[in-house]
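A, B, C and D label the chains in the order they appear, each numbered from 1.
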Amino acid sequence: MLFAEITYALTGIGLFALGLRGALLRRSLLGRIIAINVCGAGVFMLFVAIAYRGPGQAPDALPHALVLTGIVVAVSATALALALGRRLRDSDHE
Amino acid sequence: MSDLLGILFVLTGIAFFAAGSIGVLRLPDLHSRLHALTKADNLGLGLLCAGLAIIDGGALNAVKLFLVWVLVLAASATAAHLIAQQALRQADK
Amino acid sequence: MTTTTQILLASTALLLLTLGMGLARAMIGPSLQDRMLSVQLLGTGGVAVLLLLSPLLAIPALVDVALVLALLAAVAAAALTRREVDDV
Amino acid sequence: MMAVQLWQLLDLLLAGLTLGLGWAAVSGPDLRRSVVFFIAFGLLVAVVWARLRAPDLALAEAAIGAGLSGALLLSALRDEPDAETSDDVRGGPVAALVSLAGLALAAAFAWVMIHTLGAADPVRLADQITAQLPNSGVGNPVTAVLLNFRAYDTLLELAVLLAAVLGILALGPARTPYRAAGPLLDGLIRWLVPLLILTAGYLLWAGAHAPGGAFQAGAMLAAAAVMLRLGGHTIAGLPRPPMQRILLTAGIAAFVLVGVITTGLGLAFLQYPGGWSGGLILLIEAAATLAIATTLALAYIGGRPAGWVSEGSADTTTKIGGRD
């Protein structure tokens, strides 16, 4: 096993746990959305770490393609969540 | 020989970065910190780009590196102004 | 592994350490502008790290990534400073 | 020998900084502070992708993680009343319990991961990708996976993006636009927007053989839209709504069209005829770039721009459902 693979995979797991904790403990929607994004970044990092093959070796392209689409889906999901939140607040204030 | 020159540039660049960071960390107020940052990191990146271009030796890479530096220079100058402007506006309020 | 590569590698590690120091300012604050300032330092520093990684990993495309990061750091700076301006 | 240790030091530093910034982004109480740290986090994650030899991801993360997401959160923060920009994080025994559970979960994941990674080498899809790359019509393995080997998945992903933006458009009108920019910001926009568009074109073209492609190019175009909106351009440089509709569906339309034609030729859905792969992929990617850019720009605007709903219809009453 490669040192970098382990280091970044563990970092990914750490970010996932941090994000999950934040999503559960923060009260505001915006704070939770940020936390979920950090959580997602942790998952992506685990994927990319596993795809790593060591110095001078081409990494596995399949997880890269998955994560690439994941990044774009994450940002549109974030935008949708923010729009939902705005709608929710507007109807609360009525 | 050219590697030696390149390394010298890179190391000086890193030293400027370090100076900038220490300035950002230690200087007493926002405006002097901004001043330290823009001076140090732009000069640092310029030296670093020059050093890497010398080590690489390729013309295309040198052009790209130069482009990156000019971009960062222009962008960070504007950004520093915007941050300072915002801080002043908030102080006025 | 040539000496040049080793020195570049050590420089990258040193640069990361430096950026960590700058980020301490982001943690301390106290004002939001102080935090933005360290983000800007991180943007320039990130560009520098990418440029150093390019020869170290032998991936020429990382220079393109550095270019994109430089452009987007400017977008982020504009977005960061814009918010408050509109409040006045 | 020495170099190995230096790499390890570098990895530890990078990982530590990433974790620190992630922690700062999720811990309260000030939301503005969280957003600033989240932007910094995105910048650093882009560097991590570069370190792990994933330049395609580094490009996308630099554009989206460091730029678009931050701008999106900032414009949402602008709508929050000032009282709600501070967010107290729950404390007490519940928090302690959640933290402990999170720690246990992380430890369990780490244990599973270390045991799985150490296991015997399974059949690697990577080898098949490398073997088939010469037949894919492109030289970049990530592009080959996205637009040839797993083109069907990418088609459906574009559908997911469309669904998300339709949701946003259905939820309400656009956010309040920004006022016209001052001379300083205006000067920045003047040179940054053309450069962003130029870079988008370059990344689209480069994607066939080098890092880049539709997602990265689309994100760069969307960043140009963000800059324009920040400068006071209400619809962020987008064309009129009828054209927006066409652009939103362009990616899916190109995919389906190519798929139907290949089926008509007696091949499988999206099985490109020999020799045509490169051209067809570029065609689909160009359409997908426009669709992704329009999607992300509309997502940033955060609702329907003026002109999406015809006069006299439901748009004047923005409230849904009964309000009794």
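Quick note on the criterion: a residue touches a chain if its C-beta (ideal position, glycine included) is under 8 Å from a C-beta of that chain, and two chains touch if they have at least 3 such contacts.
Treat the numbers as computed from the prediction; the structure is a model and nothing was measured.
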Higher number of C-beta pairs in contact (B-D or B-C) found for B-C
Relative to chain D, the most remote chain by C-alpha centroid is chain B
Could you tell me the distance, in whole angstrom, between the mean C-alpha positions of chain C and chain D? 20
Centroid of chain B to centroid of chain D, CA atoms only: how many Å? 28
If you average the Cα atoms of chain B and of chain C to get two centres, how far apart are those centres in Å? 10
What positions in chain A touch 2 or more of the other chains? 55
Provide the list of chain D residues touching at least two other chains, using ranges where the numbers run on. 7, 51, 53, 77, 182, 185, 188, 192, 195
Chain B, residues touching no fewer than two other chains: 71, 75, 78, 82, 85
Can you identify all of the chain pairs that touch? A-D, B-C, B-D, C-D
Sort out for me which residues of chain C touch chain B in the complex. 4, 7-8, 11, 14-15, 18-19, 21-22, 24-25, 31, 33-34, 36-38, 40-41, 43-45, 47-48, 51-52, 54-55, 60, 63-64, 66-67, 70-71, 73-74, 77-78, 80-81, 84-85, 88
Taking the touch rule as given, give the residues of chain D at its contact with chain C in the complex, in rising order. 2-3, 6-7, 9-10, 13-14, 16-17, 20-21, 24, 32-33, 36-37, 39-40, 43-44, 46-47, 50-51, 53, 55, 58-59, 62-63, 66-67, 70-71, 74-75, 77-78, 178-179, 182, 185, 188-189, 192, 195-196, 199, 203, 206, 210-212, 216, 220, 223, 226-227, 230
Spell out the part of chain B that touches chain D in their complex, as residue ranges. 71, 74-75, 78, 81-82, 85
Along chain C, where are the residues that touch chain D in the complex? 1, 5-6, 9-10, 12-13, 16-17, 19-20, 23, 26-27, 29, 32, 35-36, 38-39, 42-43, 46, 49-50, 53, 57, 59, 61-62, 64-65, 67-69, 71-76, 78-83, 85-86
Could you pull out which chain D residues touch chain B in their complex? 182, 184-185, 187-188, 191-192, 195
